[in-house]
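Across the two complexes that follow, chain A remains constant while its partner is chain B and subsequently chain C.
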Partner chain A sequence: MKLKKIGVIFLSAIMTMSLLAGCGDTAGSSTDSAATDSAPAATEQAAPAATTETTEQTTDSAEPVTLRFSWWGGDARHEATLAVIDAYQKLHPNVTIEPEYSSYDGYSEKKTTEFASETAPDIFQIETGLGPEYYNQGVLYNLTEGGMDFSNFDAAFLEQNGQFGSGSQYAMPTGQAGTALIVNKDLADAVGIDLSQQYNWDQFFEWGKMVREYDPECYLLSANTSYATAFIIRAWCRQMNAKPIIDADMNLNMTQEQFEECFTFIKRLYDEEVCAPAAYKAPFGDQDQEDPNWIAGKYVASIGYTSSADVLSAANSEITYMAGHLPLRDGGASDGWFNDCPQYIGVYAKTEHPKEAIDFLNFFYGEEAAAILGTVRSVPPTVMAQEICEKAGTLNPLTKESVSVSMLYNGQSDGGPTTGSEVTAILTDAYENVSHGTLSPAEAAEETVELLNDYIDTHK
Partner chain B sequence: MKRKKRLSRDNQAYFYLLPWIIGMLVLQIYPFITSFYYSLTEYNALKDPNFIGLDNYIRLFTRDKEFVKSLTATIKYSVYTVPCKIIMSLFIAVLLNKGRKGIGALRTIYYLPSLFGGSMAVSILWKIMFMDDGMINAFLHKFGVETISFLGNPSTALPTLSALEVWQFGSSMVMFLAALKQVPQSLYEAAQIDGAGPVKSFFKITIPQISPIIFFCIIMQTINALQNFTSAFVVTQGGPVKSTYMLGLKLYNDGFLFMKMGYASATSWVIFALVLVFTLVLFGTSKYWVFYGDED
Partner chain C sequence: MRKRTKKKIQEVLAYVVLITIGIVMIYPLIWMFFASFKTNEEIYGSISLLPKSYSWEAFVDGWNAIGGNTYAVFFKNSFLLVIPTTLLTVVSSTLVAYGFARFNFVGKRLAFSLLLSTLMLPNAILIIPRYSIFRNLHVLDGYGPFYLMAAFACYPFFTYMLVQFLRGLPRELDESAYIDGCGTFRTLIQILLPLLKPAMFSAGLFQFLWTYNDYFNSLIYINTVKKFTVSLALRLSLDSETIVIWKNVMAMSCLAVLPVVVLFFFCQKYFVEGIATSGLKG
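Take a look at the complex of A and B:
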């Protein structure tokens, strides 16, 4: 029987020990990955250094080359991207491109482990908000030095999207995009709401009441936590201060009072039933198109991005959709809304085949690929590609309309620390706490400022 | 000669064990040791670790409010899950221990959920079932019950995840079944002669006789529960409002989302300490209720 005791102790020890295996070393080899330095300013020099190092390893174009290309998206994006890969491979028989595609769940986390183990794909899609973070980490290849062809692009657009203040292009924008309010025009007209005109934030309360009176099963807004955090909290700061919540110099630009005012507004949205209940929306995550109430046309508008216009409108083809204007703050320092890109595509700093990777990207942004890709990554980023899509009839009118609306505004992007994963998590938690009523606006504001200051202290 | 033969047999055994030993050293022991080192560093997996002593631990216990929420959620989850799973598996094992027709098929059916383990597919299935418009709510509607937001409400999300774990009771059930078969029939016969009913026999004979297995199952299930990750990650992503934000998920987010590997390593050591404390407490209490049969 003593044997039984020993057996139990031994098995318990193994079980508990296995828990720690997950946090083990992946980077015995990553010590030299410090082409990066601790300070962001230093990485500006470090990242190009990686370019020089890898360029030397470039292989001759006639040799067989295998590149890995990873992206996230839905079926339409997967099919179109695979078709582009296929077309490129036909032109370059020596190049094999291995596609790695999935939904967005876990995509960024996977990239983190790949960077740590130096096994990241040669070419990869990047979430817009994480672009500056990746640049600072030195994992992006300098495309300007690598000979990328920018001739079809607007120089000012590129400067704002993918250069991260460095003067060189480190990531290519995949399209033109911005925040969007996708409106169920049929319901809006029936209730008597006109979202094609400019309005202020308070107008939501009046309209919300009208919708509830029209039909108690309907709501003005479908707002998932993730998108609504960006739509309300980040825009609030841009409109109020004409600055991001945390700027590139790591200054906190939004005061506790401003946060409290913003959170009070969010609380009212739920208390006054302008938004569908937070508990109802939670299980859908950011997949608003899967919400049966959206499919059934029970929301006047969904908070989202221009890149989600096609999936939201595809949920019910019998409804007429339009792109609504975005709310403004009376007497605000800025209108706060801006046009940027839905994602970036970058080349891994440690790729062994930078020349081939860039050659593929040149094809990806060329005429043939534009016709294949259509608007699977929002409205294309070049006029040339837009014209091709227009002629081919592949430019989704709603996506185009929502991009046009986002271009009416003149705000500045808050890409940088504000859109980094940790700050985003802090803001999302605050939104969730207020929308579920677990923290008062004052408590949430106090906690948010405390956490943001803590973040700044550790990252300065 | 005999000794030589035995040595050769020993070597054979070591040879067969070698893959496991290598795996253990590379995948368990090495990360085990390095994770402790990293827990004392600031480390983002891209740059060299920077030694900061106990700062990560101090921060965890003094400044990280999320850690307290995670710890609470994890302990609550264990408290909900372990007793329910043990009772459920023991109950089914006792039922299946009767020699009825078709019992083999029933045993397989009850064991099936455990075959899927903590898989993604089961978690996704659970998510779909417990959505507002899912199967469970559709069933409840038939009895006039209003829609319950199982996954959207902070007070119901954690019990829903616990139910998923309890549902996978097969492995404990199989162990209980084996243990029940070992209980000498003569004990029941003697008790019956002395006038003991089935309930009394169960508590006075069955439970003490299978107590080492109950003990083993409690320890294993507690360790499993304290390390929960998959269901929290897939079904709720730790929400709503961090009500299901288990320590395992916090560790993952800190490490792979926020790239704070040193901090995540410190969290993993806290979980390790927690598991160790729970296990030692259980071992401490075992002398009062676990009957090994070799005691005086």
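Take a look at the complex of A and C:
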């Protein structure tokens, strides 16, 4: 009995101590980070010292600097980015750039850990939807103040992408992108569907029926949960209200009735076999190009992004693909569809070398780098780079076409709380519940509004 | 005569069942091997196991990876990470287990229940505090975190397993060693270790497999591509926005499983023995 008592005291002592330690950490964090940062600096100096020695003739007297640059991607993107780093290092022998590249798997989780412990890399690629979240966390460096060169960019495009309403650039768009409907033109023509003209959402049902009648193995749409959530639910609110589901001031702009209407539409898509069954699509995740039915050309169109055009069209080289128009709402407040960027690149707010990091970014968006990078991050964000790619023939025509289609619309990006990780999870769950038939549209709408209000309450 | 044929039929049946299950179990590995000769269209478009043509180019291309780091680097890193981690785990867990199983000290029960409670905590909860500790120790972006955790018996599962095993060994052995003049440490080394061997082997094997296959911890602790282990390197080229050349990935996966398969066959005896005996004596 006594032993138990001692045990309880001991354990509660540990808990209080850990709480105190937690409080103390914020106070001591400034000295803390200074200590951690000085250690890598010591090792940094050793590494570039070797490189400066070998290139002694060309070296300027600048101090050796090491920058960490992290991004995700596939082989082509890794190779091109590494080549740009190489080219930059040749011009600036005092700067060493440590590449940290990986696949997207676990990338944002890793960033979260690194922000929490102040060990994030100096320069990093950012998922578009997470940009506002990072901006609010204060982990992004103000590039306008830092003297970044924006002369090649379209000012309006920059304002929409990477300023997060602040008036200063906090993240640089890596390219132009948008939502896209990649169409198997051969099948669409055979069934008699014309996606190169403007149409409304209800048209999907009529076309869906035509496709099923044409061939019972075919479907109109291939829709994976994550892309379709953005394609239908988020666009629904933008078109209806000309506002994001949750705006920057944390107002919920979509009513429960609107959610229910939207979910009823989604349910109909599955009930009337417009979309391939949710249970069939689930195992492929967002890897639509791995779905054998897509490879065999059994879908008229795949819901995705301009950046997936390349991969989707590579699945079957015998099919002709085109970029389809995007559905509109009759009497909607806005077209809803907009042109944004596939990712951002930002500089860490706590970097030791902001000047060098921004200098590298200027090079990264310059002419020499544009020629090396080509379209590894979708259609480049500047006209200058687009021309270089077009001349070199590296611009995938389908990607370019899909970007042009996304530019036809006047919608505004809903990047912000709506695209943050928590809200995305709530919306995706709702889509899943409705598409798999586990919840009725009314139930799902009620649950979603409740969860979104909870989210707003905790973040207001 | 009839009895004999009956027995034979039974035997044949047993073998048929075993072979079928065996094939089902090993099929993914065989498929992976043959997939390293197939183009993407073949992988997705056909269910036939055998490829249309054989060429070793996927192994060469895959091996060279990207950015000048070949798989030679990644394999070297993996072993540099896994082998010391495994050895340290076995040594530290044995020492700690010896303490718990054979000695009485103040707070032993509490310490043991704390040890067990850490066993119940999922890795996802431990990773952030651990990460902060390792940051303050300046051992991030390297194998330090893994070595440190192994050296200080931070794998309660193995400690627990060895404690259970040690409890099954008769105390009389220790006592007779004490009478003969052995100290506590010598008793462990000379008397108990030989008997502990199967349990230590299975702890070592498990730790080797788990560390070698581990993705999440390596992902969090290691940044620089030069220091990537094989499990991280395999994911380098997988991205939904680029075209993945699957045969290269498959070829490298084949090579990646080789050390584990070889080790398993090599140490199968100990592996089974360790699990069986530690289970029995628990």
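As a convention for this text, the second predicted complex is superposed on the first by the 399 of 460 C-alpha atoms of A that agree within 3 Å, B and C clash if a C-alpha of one lies under 4 Å from a C-alpha of the other, contacts with A are read in each partner's own complex, and residues count from 1 in each chain.
Throughout what follows, contacts are C-beta pairs under 8 Å (C-beta built on N, C-alpha and C of every residue); 3 or more make two chains touch, one makes a residue touch a chain.
The shown structure was predicted, so the numbers you read here are calculated from the model rather than taken from an experiment.
**Student:** In the superposed arrangement, which partner chain does A:447 touch: chain B (first), chain C (second), both, or neither?
**Tutor:** Touch partner of A:447: chain B, not chain C.
**Student:** Touching A:156, do we find chain B (first), chain C (second), both, or neither?
**Tutor:** Touch status of A:156: no partner.
**Student:** Between chain B and chain C, whom does A:62 touch in the aligned arrangement: first, second, both, or neither?
**Tutor:** neither
**Student:** Touching A:113 in the superposition: chain B (first), chain C (second), both, neither?
**Tutor:** In the superposed model, A:113 contacts both chain B and chain C.
**Student:** According to the stated criteria, A:310 is in contact with first (chain B), second (chain C), both, or neither; which is it?
**Tutor:** Touch status of A:310: second partner only.
**Student:** Once the shared chain is lined up, is A:121 touching chain B (first), chain C (second), both, or neither of them?
**Tutor:** second
**Student:** Quick one: classify A:286 as touching chain B (first), chain C (second), both or neither.
**Tutor:** It touches chain C, and chain B stays clear.
**Student:** Both chain B and chain C touch chain A; at which residues?
**Tutor:** 36, 109, 113, 116, 292
**Student:** Tell me, which parts of chain A touch chain B in their complex?
**Tutor:** Contact set of chain A toward chain B: 1-2, 4-5, 8-9, 11-12, 14-27, 30-31, 33-34, 36-38, 108-109, 112-113, 115-116, 137-139, 225, 277-283, 285, 292, 421-422, 425, 429, 432-433, 436, 438, 447, 454.
**Student:** Enumerate the contact residues on chain A facing chain C in the complex.
**Tutor:** 3, 6-7, 10, 32, 36, 39, 68, 70, 72-79, 82, 98-106, 109-110, 113, 116-119, 121, 286-287, 290, 292, 295-296, 307-308, 310-311, 314-316, 342, 376
**Student:** How about chain C: which of its residues touch chain A in the complex?
**Tutor:** 41, 44-45, 66-67, 107, 109-110, 113, 127-128, 131-132, 135-136, 138, 140, 215-216, 219-220, 223-225, 232, 235-245
**Student:** State the interface residues of chain B toward chain A in the complex, per the touch definition above.
**Tutor:** Touch list, chain B to chain A: 27-32, 34-36, 38-39, 44-48, 63, 65, 127, 130-133, 149, 151-154, 212, 215-216, 219-220, 223-224, 227, 237, 239-242, 251-253, 255-259, 261, 264-265, 268-269, 271-272, 275-276, 279, 283, 292-294.
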